[in-house]
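Shared between the two complexes below is subunit A, which has subunit B as its partner in the first and subunit C in the second.
Moving on, here comes the complex of A and B:
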């Protein structure tokens, strides 16, 4: 059982500094959630991790599901039995769950069912940038947007209540800056958990009859227009007849408040904070629109509120007359990427003809001067000792030796960095979870049309369970000759080491029989070869052999994530560079270990012109000893 | 200000990838960036140095023939068909049944490796009968296995780079014209990490009109004969126009020579040298005289070795008929002419290969029978 977390305590009035995702989890606990499921993905992962600490087989089941669709299905199953349930995911995850969601909306729910989607504006830890709010509107489900920490807790509680009373799935949208920010939250009481799950005779949850169910969705949304107008999450602060009103949601609220204070324009500008963004709270927003003629919409990422406001204004020209809406279409607010206070300040400077200088230039210069050098200049890359580095080293060399200009289709995980120099830039495609194998399957079949470049698909272990298995079955069924390499590091490493079906542990701390990737591949019909990527020659030889086969091949590179291995078993070797043998930049080496192999555990000393081991971060994997052309790097076995 | 292109970039992009590589092996096994794998140079990573040994050794790299000739021969580069010649004769080893032609190369190697200070001989050998590869042998008893013409370029000098890392002694090196030229560049290069500088290697050159590109040749052989084990290949004199393959089980197969010509290493088309002009002594077949070699003695070192063998009656010699010499010169001149045209077509004359003024005209004006 994971250790208890303050969030799990039933101590009303207790104040804690909570991460946004912890506040969302607290909201679910205060709402009496009984089942929570998710697949890890930044910036949403901490919601389930927090709830897991309150888990209890009799009161609250929490799980890492194999993917987001299954997570939402699990939550729906609980809801159909009358329990409150939550599914959490990042924006990409909603796409995976969306097929189910677009049927579930019509079916309706029994126990409150809240889907929390954490968008990642700017794609800081994602493969895309995507505004999921449109997906709520698209599927006729109500949408709430959190804009703070206590606000997040309150809103999730509110969402559960309304979901249950309207029989509708609710979507709560957070963004990175709130999910990963921190703020004070004063706890409310945790409810008594009582009652058995029950599916009543006569109940059914199906989308049929479709038109009637669709009509019912529209009725629910119509009703919510008024419910939301009375919601405490939509508020206005400012003069009665402001020159301009900032209409904002999400993190835009905090940035707008900051901008108004810094510019000292509270007496000229009002702020309308929208917590319920779909359906539009018509009465409330109508009142706001009557207060002024100019509006600036501040939101991440796409113009969702902005377009909805314009649509509402366009349909009510007689009532509202001429209004001007500034925002993304007008170019005042960036139309891609995350927001920052300076974006709002910049827009207000233009619209109000005021100016703002945050700091004297000399001060900025001084800060830059004092802080440069505090951070080690290091490119985005694999951790020291990462098995993926060895894997891609072998893949790169095998492709070069094969000589047919083969390519690698990449996938989602730490190993996505194979797109960049840390993974020797071997990966040439990157899309969704599990797509590497599917895309490669579409390339492999081209052999009969004259394609002569071999293809390798890489896939992590957690990604394998998430979405790769159907693509692999398809590969075998439609006989697409390419090489699948499962990079099994026994962890969902990139999102923070959450357990998955191959690890033998659930997030509630239960031991289960691990499901072996190898067994699944064999059962599909592949002759699987498992290799240790730290054995570079054997790994490279296996890739070369697989590249030459004319049938689909599966290799598994199995080696525990270096960060986990360091925690579990410690360093295998102490590494040392023999300065006498190291020839550094000279012809014959040209800093091969630091410039090409690029493990951050190796550093180049420009004064001695020799490579060195960075003892502080070297994990002692020993691989660099095998790549040094001068055999100048030595391993010393540690007991 | 333009940055000088790295040696690696010129070598890989301008020479190897543009079909200019001679496959001599001089650039590989020096560093982790260029290595040999199954008949091809592979380079998974890029080096960012300029002035690297790889490009400086390359016989297809930037080359001033006049400078090389002055260094090597102490004389000018004149573009004569056979290069500097001290003496041309026919020779053979009496009763040398195992050799492909006159057995002279094997005899020269055996004699040379027994001389003082010689650490052994570098020859190009078959590896697993798949791809020829350089090998340094210190026991002359191993030699018969390596006798015979392999036709495919073998990157033999890679083995020299590998050998010299641990052994500085001179070697007897049997090589193609491109390898003889590379060797002279290796001996000459002033570079702090040049392990070949001023080595007293003896260079036995082989006549060569072209060599085959190893991977496509191998593929063709597998396509035709699967895994049957080949003992040797031969191109019988014209007008046969065929390529003979001899198998271990005594069988023989014939392939039309045009098929084989399509597998010629493209880099050979811009090679000016048929008779290994930069060797100490060059050896080839004596066309029309079965069982005899043509030998061109070039340097005093080559002459001394040859005379020793002659004196010890290990080999016997006879004069090369005037008509044969004219025929050899004509063939060598033809190779030069074709190469000059190919160099001009690829815009490499003066950019990559510099000839002294007048040489080009001398090559094109060469008249059969009128040459030296």
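Moving on, here comes the complex of A and C:
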């Protein structure tokens, strides 16, 4: 992100290019948010990063919380004292916060409380592509969906106002294509911040009596059906009696608009853009449904609007007669993955019996012919100089020497790539934050039933604080013999290096005493050993020793993330491959360093049949010098 | 040479870590400053670690346009890596598309490992030329290394784009953007990188 960013300036009328997440943050600032909390997770992280730029202990508190549930609790605390508060999270994060959210919703809120959830259709930077909209409906929470950049800013402001006036938590859903896209936003004014937080006598926020509170939720939703029907976020453009109406939300809106233009079918097709998707804006949608007999629903990821429309139509057959709803169930729009403009174009081509091809056939043939075999995939891998590569190298070798076919349970973070060749494919399971240790604990106990394969759980430092501590306590309490390895790279690297309790710095720039992973593990009762994974022989020996123990073990591999290290300290070594010594194909069943170790800084030169260092990519970590059996890779210390 | 018309669809193609997210923003800002509207669509996530990354920059005179370019509708590809440039042409190319590409390849993990080989570079350049209305090539990476860091590659590429004259932005327009949004410490070096890219294209025209 550019260091000088005007997103927090109080300059109404100024037009700036904002990322969707920045626009969401801007909306919160324009709404007078006082507390904002989140745990980093793509594609949501930049919301808090942006708000942090405007933070100030007297006016706006911003924090990275240890996990999403705590973030939402922090936001709720502020709301109970009458301040506007925001919690942001990715789709997986909502699951973590959900237990609290389902109860919070019954309790009601005082200061406007907005939960922004950024879904990741296609799972571009996630372990799944969960559509969280169902979770809003599941627990009676009003839901808005952003569909553009300025729209995102406006919608967050609107959500704060309605949250406060209805005493309800509001959910605003964004998706990767908007959160991580950028577009122009014209700034509105930032309000004066005033008023002290206050908890009035007689106030209480509890879910009791449960039935009355539940009833109250239904009343609120009922009222919102009408409020939403008049909302500026639901609009229709098109003929009065179109042969088809595209009903769409989120990124589907802009994709559908473009498809209608490219196919030149505006005179035949209408477009209904839905910004408020739960509860259904009954009056508005009823009018739309009366305009036509055929509807195409374009949304990401699951058929949420589609099913809700069908339910509404099904309950009102006398009013609506026979209508056809196309979308995911009919196969016109893909039922998995993120949307792309071509999906809408394709569906409209079929439904309207028109055809569209922007490129001449001859060109398409030429593309096939000319590119065949010339474009290969790029597998994901650890960065050059990444400490995880060294860690998994040591783990892989220790498991091989141990010889009992041990396995590794993986976890969420950069090191999840240990399931792929870059991490020597050692990790065999991957679920949720912190679950590597929990799953390993379930494997460890099988020793008494005859299991003889050792288990290693890996867990990052940020993940450790987020969700691994209970699993580790469980491991000790129920004595499950396996090895926990905490890969401490002093960063939440995957999501962009946000501070966490171990880094000693908050996002408001305050220094605090770092909480040491090692101290926590010791206090649970583990004799912890801390190693530098760049010291390959010592690391491998420690893993091997831990594998042979019959009680749970904890090792910490401590080494700063390569990206951070490069930024902070620069290259440690200049590397060179001694061509005389490099034995190339003959080395360790051919090309040991490039084929097996696989740091992108080391390249195989097929002409000389020797390894080489790629100066532009090597970060000078020095590790490969240790793996070369011929001692052909040399390091020279740089000052 | 075809005229600049809106929506103008520019694609920046590269590999995670090359910094194309940053230049896509700077280019979009330069257009906004000239009175256009611009949106940027990014594909990144775990892509900071070696995957293909593309940014779409779409410029319109007014109204809104989606952040993702529909297939076949590219107007200009700014390729930071040759194979990535060709990857973009497969999906977004058309007979009129313009291409400016860096010639320095970055090997995928499988090539580094020696499991696959990097496709024939000459064939890649030939394909790029055949599949575009006009193509410019330059070794921006080596030029950047000569300046002391591969980080200047992008600015050289942007300079080259300005040098071709195909987009309505001048060196001055971009210098203002650097002054406003880039780190002041890097300003002089970035400006000279911009100039180098500009000059090398001017010299070959």
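Assume the second predicted complex is superposed on the first by the 613 of 639 C-alpha atoms of A that agree within 3 Å, B and C clash if a C-alpha of one lies under 4 Å from a C-alpha of the other, contacts with A are read in each partner's own complex, and residues count from 1 in each chain.
As a convention for this text, contacts are C-beta pairs under 8 Å (C-beta built on N, C-alpha and C of every residue); 3 or more make two chains touch, one makes a residue touch a chain.
Keep in mind that this is a model prediction, so the values were computed, not measured.
S.K.: Looking at the superposed three-chain arrangement on subunit A, would you call subunit B and subunit C a clash or a fit?
M.R.: Fit.
S.K.: Looking at A:449 after the superposition, I want to know if it touches subunit B, subunit C, both of them or none. Which is it: first, second, both, neither?
M.R.: It touches nothing on subunit B or subunit C.
S.K.: Quick one: is A:417 in contact with subunit B, with subunit C, with both, or with neither? Answer first, second, both or neither.
M.R.: The answer is second: A:417 touches subunit C but not subunit B.
S.K.: Between subunit B (first) and subunit C (second), which, if any, makes contact with A:371: first, second, both or neither?
M.R.: After superposing on A, A:371 lies in contact with subunit C but is clear of subunit B.
S.K.: Contacts for A:592 in the overlay, against subunit B (first) and subunit C (second): which applies, first, second, both or neither?
M.R.: The first partner, subunit B, only.
S.K.: Can A:637 be said to touch subunit B (first), subunit C (second), both, or neither?
M.R.: neither
S.K.: So in the superposed three-chain picture, is A:383 touching just subunit B, just subunit C, both, or none of them (first/second/both/neither)?
M.R.: A:383 contacts subunit C only, not subunit B.
S.K.: Touch test for A:204: subunit B only (first), subunit C only (second), both, or neither?
M.R.: neither
S.K.: So, does A:629 touch the first partner subunit B, the second partner subunit C, both, or neither?
M.R.: The answer is first: A:629 touches subunit B but not subunit C.
S.K.: Who touches more of subunit A, subunit B or subunit C?
M.R.: Larger number of subunit A residues touched: C.
S.K.: Which angle, to the nearest 10 degrees, do you get at the Cα centre of subunit A between the Cα centres of subunit B and subunit C?
M.R.: In the superposed model, the angle at subunit A is 90 degrees.
S.K.: Measuring by CA atoms in the overlay, how small does the subunit B-subunit C distance get, in Å?
M.R.: 9
S.K.: On subunit A, which stretch or stretches are contacted by subunit B in one complex as well as by subunit C in the other?
M.R.: In subunit A, positions 590, 595-596 sit in both the subunit B and subunit C interfaces.
S.K.: Report the residues of subunit A in contact with subunit C in the complex, numbered from low to high.
M.R.: 2-5, 15-17, 42-43, 120, 124-126, 148-149, 176-178, 180-184, 251, 254-255, 257-259, 262, 340-342, 345, 357-360, 363, 366-367, 370-371, 373-383, 414, 417, 421-422, 494, 563, 590-591, 594-596, 598-600, 602-604, 606, 615-617
S.K.: Show me the residue ranges of subunit A that touch subunit B in the complex, using the header's touch definition.
M.R.: Contacts found on subunit A: 396-397, 399-401, 403, 424, 583, 585-590, 592, 595-596, 627, 629.
S.K.: Show me the residue ranges of subunit B that touch subunit A in the complex, using the header's touch definition.
M.R.: Residue list for subunit B touching subunit A: 30-33, 37-38, 40, 42-45, 47-49, 51-53, 191-193, 215.
S.K.: Can you name the residues of subunit C that touch subunit A in the complex?
M.R.: Contacts found on subunit C: 15, 17, 22, 24-25, 28-29, 32, 37-52, 64-73, 83, 86-87, 89-90, 93-95, 104, 106-120, 123-124, 126-127, 130-131, 141, 145, 150, 180-183.
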